[in-house]
Amino acid sequence: MWGSRKRLNRKPIEGDVRIPSGCAVSGIMNKKGKLFSGETIIQSISIMRDRSNGLGGGFAAYGIYPDYKDFYALHMFFESEENQREVELYLKENFLVEKGERIPTRKVPVILDSPIIYRYFIKPRAEICEDVCMTPDEFMVRQVMFINSSFEGAYVSSSGKNMGAFKGVGYPEDIGEFYDLESYKGYLWTAHGRFPTNTPGWWGGAHPFTLLDWSVVHNGEISSYGTNRRYLEEFEYECSLQTDTEAATYLFDMLLRRHRLPLETACQVLAPPFWEEIERMPEKEKETARALRMVYGKGLLNGPFSIILGSTNGMVAINDRIKLRPLVAAEQGDMLYVASEEAAIIEVCACPSKVWTPRAGQPVIGRLEEVDSWVSVC
Amino acid sequence: MGFSMLAPEYRVDRDKDRCIDCKVCVTQCPYDVHYFDEEEEKVFAREENCVNCHRCVVLCPTRALIIRKYPLEFRENSAWKDIDIRQLQKQAETGGILLSGMGNPKPLPVFWDKILLNASQVTNPSIDPLREPMELKTFLGRKPERLEIGCDGSLKTKISPQLELSAPVMFSAMSFGSISLNACRVLAEAAEQLGIYYNTGEGGLHQSLFKFADHTVVQVASGRFGVNSEYLKIGAGIEIKIGQGAKPGIGGHLPGEKVREEVAATRMIPLGTDAISPAPHHDIYSIEDLRQLIFALKEASDYEKPVSVKIAAVHNVAAIASGIARAGADIITIDGFRGGTGAAPTRIRDNVGIPIEFAISAVDNRLKEEGIRNQVSVVAAGSIRNSADIVKAVALGADAVYIGTAALLAMGCHLCRKCYMGKCSWGIATQQPHLVKRLNPEIGRERLVNLITGWKHEIKEILGGMGINAIDSLRGNRHMLRGVDLSSRELDILGIKAAGE
Amino acid sequence: MKYVIIGNSAASVGAVEGIRKVDPEGIITVISEESYPAYSRPLISYYLAGKVKEEDMYIRDPDFYENNRVELLLDKKVSRIEPEQNTVKLEEGQSIEYDRLLLASGSSPFLPPIKGIEKQEYHFFNYFDDIKEIQQKIQLNQVTRPLIIGAGLVGMKAAEAISLLGLPVTVIELGPHILGSILSDVPARMVQRKMEEHGVRFIFEKTVKEITWGEELQGVVLSDGQGVLTDLLIVAAGVRPRIELVEELPLSKNQGVKVNEYMQTDLENIYAAGDVAEGWDLLQEENRVIPIWPGAYRQGHVAGMNMAGLKTKDSGGFAVNSIGFFGFSIITAGVFEAREGNEEILCREEPDSYLQLVFRDNRLLGFIKLGEVGQAGIFTWLIKEGIDCNSFKEKILRPGFCLLDLPEELRRDRMRGGETIESPGCA
Amino acid sequence: MKRIYAREEYCVGCRLCEIFCVVGHSKSKDIIKTYKKEPDRPAPRVAVWEDGPLSFAFQCRHCDQPSCVEACITGALSKNEEGTVLCNEDKCVGCWTCITVCPFGAIQREEGEKKKIVKCNLCSGEPEPYCVSHCPNRAIVYEERGVE
């Protein structure tokens, strides 16, 4: 079995305990929104096999459901059909379910214990949203958290529009093959290979972690996790997985969607400049930087990380403020590449026009050209 | 005094091979212990007077003195310990309330010592504070829920006034009157040099300390001593004192003999009169009254100062703290049951209140649950003894701590706990001019600055070990804490796991 | 520049040091009638009493003259000063040129008119040689009944020294009590008692009419006809400035040679200092001779600097004396008695000590301090600076008066002390 | 020149300066030996004056133009090149003329039989005078203050 979180007498998994892990990350996008097959990202992540240990791999893909782009695409894992039935019943009560189908998979010998994997294209029922005074996005967020925490044997692996997360226990290239990602076409792909240190791995705990159309792949260990989590809990985010990726995703969601901070500002919250640097800034910049640290100090992600945030509108890659984890970026034409290692880029783009190592805390932002705001939902 | 059943508490061991009868002990003992017998040409001791303040021991140039516990023992009795019998005898002789100085000395558990800290190994690197920046800067004051930033990156939200600290530590409220002007000066100068704050207590602000006002939190307590418009406007912050950890529910009493000229002028009371702070504020009988006072003070200081409300850690501290936050306070200060005092009824000090460790956890939880934790600052006080205690307090959820006893110890206090006698041999808790001058503020300031500087280094080392380079990332980071020798109930209240989990 | 200094005591040494502060090059010649390097005149009684060895009599190290490049002419007597030629002539004929001349010839003892004194069987008590003669007599056991004429400072120190050698001393004094120049009656009696306890006998208000001789000195006859036997007669009847060298010169003089604030006489190139000079008396506000050791040094020093070209004013002085007998100390300064009638005199008398203060307009004018020594200089300072003592007058009278008792401002000034505060000397 | 200054506001009247002044000028320079085994130990050159809460330690000011040196009848007192006013105790006869003129009352006397003065020599040879280094409250400082 794929390992339910709620099973008794099992080894602890994400959500029970904090599980540190090392990882490989990669992200590729076409800034003009041109679609390309998942083959490239599989190729890129597979070159960094040494950075994962077969206990988790996954992908996020954007632009893959153009036919259902107005619907939230709910990717789900179920432990059993009974679990699935319960959730489906619940979905029907609260959403318009346009379509529900098994996500096609292939048999791959090394991929074992896969759960029941489904996707639903849904819309929140307008009257219910109005009833609880929530935007559809807000409603979605609450519902996802509710399902994850309250339904036995069920887990939402992604819930954004025109995007999806494909993840599981195994090396990422095997997971890619398992989900047949070569047959999907997207304009933005991120991938993750995982190296957890003390767990057999759980499908739900694999990366990317997603919320609405945010997806986060992450390499690192956030030492400030306890602080970040309590801060998020104050804003009613339930960090049920206890993973850094989850916390990072929620922080992005809170800063960008709820607090409507500009993307660069949100990045500055996660990896703020040191006070010494702030003191040297021009007055206006300094004022903002001071205020951000004053108010969002608990949002600082402290400790080593490199993170790739995927969203409908583009991709952001960012390092911790003293660059304790690797991150390389490259450009070639409309294509933007970010990865843990340069090799993972060169593998899919032999001669990039520019390759660079982003400085600590300096985000690499890839924005879809026709988009001017990062916050897609208002 | 006449006949007393009380045996001396201490004996003075004088090594005759070392003693040169130089009489330093005689000149230095304010309790009249040592005396020089002209006939014998030797120094002797009246041991019954000794309070074990160590002044003579430290100044004896030949190290001829040792003060020991008086070896007389009562018949063993685990119910009636020596201290119980002595206290009873004292009351039988005087018929009064037992008085004590400094914090609760009883062998109640010190939870700091049952909490252990984490450090990084392999999966994330520890950070070397000698090579990498390590930030302790702390802001106390009300924070908006969110910031509004324009597309050009400009700040649209106005931030309320804040106290900016170079490290999450301040000097507790200790009034001029309860301590000497020199001691106040040490606190003020050290706070300025360190980039932190000290607190006037309910003693007003002496003219000579106005120049340190930018590093001063001015207190408004139930007696309103020293409070005027200038006082409220000159400080960096204002603190309303509701209660004190050493004596929750009890007022204060500065005897008239300590109300000398400068104290009287600073407190704005007649010379030589007792300064009595009522147990409650007589204009605060409920939370809405507190709100009125908070806003009265804000109004009086043009909304330019953060307002703190200080309470003792009592059973219902979490709910009270929440009420204080909602009443408009920018900072909530919680003083644990081991907090110090110049004078408190012994029974109150030793039996009322709860440990600060639990109080921090409970308050932090409650404010978080209500979604207002990030909007107010929480300052913890009461027996913070070292840098590790600070780290633990911050990890439990405090924004900063106040230290009182530790600051006094750095100045020279030897914790003899006789502050209420007004004869502090170290020149701290006294108003007698010949004793006050024993504290050279220059030396006191250096020692206090040294202490905090050392603590800062230690905190940085600890943070670095945790893989954290800003104190912000320690706030409420209870993952960095593990408990030993704690019941699961206590672990739950502290919100930490047991060691090994 | 050529400097010539006549005399070789405190003023002379002060002048050498003063000149050398300003002029390291000029030629200095010191002419002395005596045969010793500068020695301490006040120490001669100590020497006689055996308290000081000969080598400790000298006030400067043996290489003093060499180090200061001074030509020291000993046993030379100046016969004449020739200001027109800028020379001094020695008795043996030699002439010495000077550009600047300092008269520091001091004073000579006064010999009262007594019948029979011309036989010269008497001794003065002023020079080292005087004491050596007396010492020799005593050592040869030729003395059993020493007698001293005069109970002034010199006579009393002589009495003490001789008494300490085990001889019964008799002192004959014209005045009503001892030390009439520095003490009033009450303290004088106290000192007298101390001396009598040590065997000194006093006869007051008598003069010596005649000295009687047998084969040797036999004794004296007093003004009332009473005879006193003696075999050692010491004349200590005061001193007179030695102005004989300038007697003929066109410069003002009274008892001593008059000098201005630069210690200059009426003749531009001739200066005077020490017992021969009439310097400024701060308290009397007039020029007069103040024959005291510290004042001589100060005047010499100032004179030296002026001679070498550095204009330096002398602040003036007043009488200050520290003397003691048989371990009993006497310190006095300024005036000790009412003169103008508006003085206020405060006294504190105890069995073994005495303090008298004289104020005028709340300013200390003088004091007498017996038996207790400490802090006396503060009194002297109060006099010198003319400090208004109104607020602490009572405290000054108390035993143990010290800086602590001064008003805060004065106290702090004193505690800071030192830096350029003290002008030369404070006689 | 560097001089010793008292700070009356911090003097605690312990007299450790006097005690250590004696030690610093003793033969052994060991406090216990000085007081237990040197009956002829020197007198302190510093005195603490005390009146109620006011107290301070005081010793020679080492005047630029020292009256005591000018007044000394034996040549025992002198001012050296560093500016220190020194007393050659072998030459001093205890005439107290220096005490008579010292405008600070800073000169002390040897107790007992020896009739001579003792005065501060700034503990020449030591990095810091004993009274300064042993003051527990920095009420005696050794510093250059220049002309005020």
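We call the chains A, B, C and D, going by the order they appear; numbering starts again at 1 in every chain.
The rule we apply is simple: a contact is a pair of C-beta atoms (placed from the backbone, for glycine too) under 8 Å apart; a residue touches a chain by one contact, two chains touch by 3 or more.
As the structure is a computational prediction, the values presented were derived from the model and not from experiment.
In this assembly, the C-alpha centroid of subunit A lies 80 Å from the C-alpha centroid of subunit D.
Subunit C and subunit D have centres, each the mean of its CA atoms, that are 29 Å apart.
The distance from the centre of subunit A to the centre of subunit C, with each centre set as the mean of the Cα atoms, comes to 106 Å.
The distance from the centre of subunit B to the centre of subunit C, with each centre set as the mean of the Cα atoms, comes to 69 Å. For subunit D, residues touching at least two other chains, in rising order: 55.
Taken residue by residue, subunit B touches two or more other chains at no position, since every residue touches fewer.
Taken as a contact graph, with one node per protein chain and an edge wherever two chains touch, the assembly forms an open path, each chain linked only to its neighbours along a line. Of all possible chain pairs, the ones that touch are A-B, B-D, C-D. Subunit B meets subunit A in the complex at residues 120, 123-125, 127, 132-133, 135, 137, 139, 143-144, 146-149, 151, 153-155, 157, 159, 162, 364, 368, 371-374, 395, 397, 466-470, 472-480. Across the complex, subunit D is touched by residues 14, 40, 42-43, 46, 51-52, 56, 58-61, 293-294, 297-298, 301, 320-324, 327, 329, 331, 333, 373-378, 380-381, 384, 402-405, 411, 414-427 of subunit C. The touching residues of subunit B, counted against subunit D in their complex, run 17-18, 20-24, 27-28, 58-59, 61-62, 427, 432-434, 437-438, 440, 442-443.
Considering their complex, residues 9-16, 19-20, 31-32, 35-36, 52-53, 55, 134, 136-139 of subunit D touch subunit B. Within the complex, the subunit A residues that touch subunit B are 18, 20-22, 197, 220-221, 223-228, 230-231, 233-236, 258-262, 264-265, 272, 274-276, 284-285, 287-288, 291-298, 300, 302-304, 321-322, 324.
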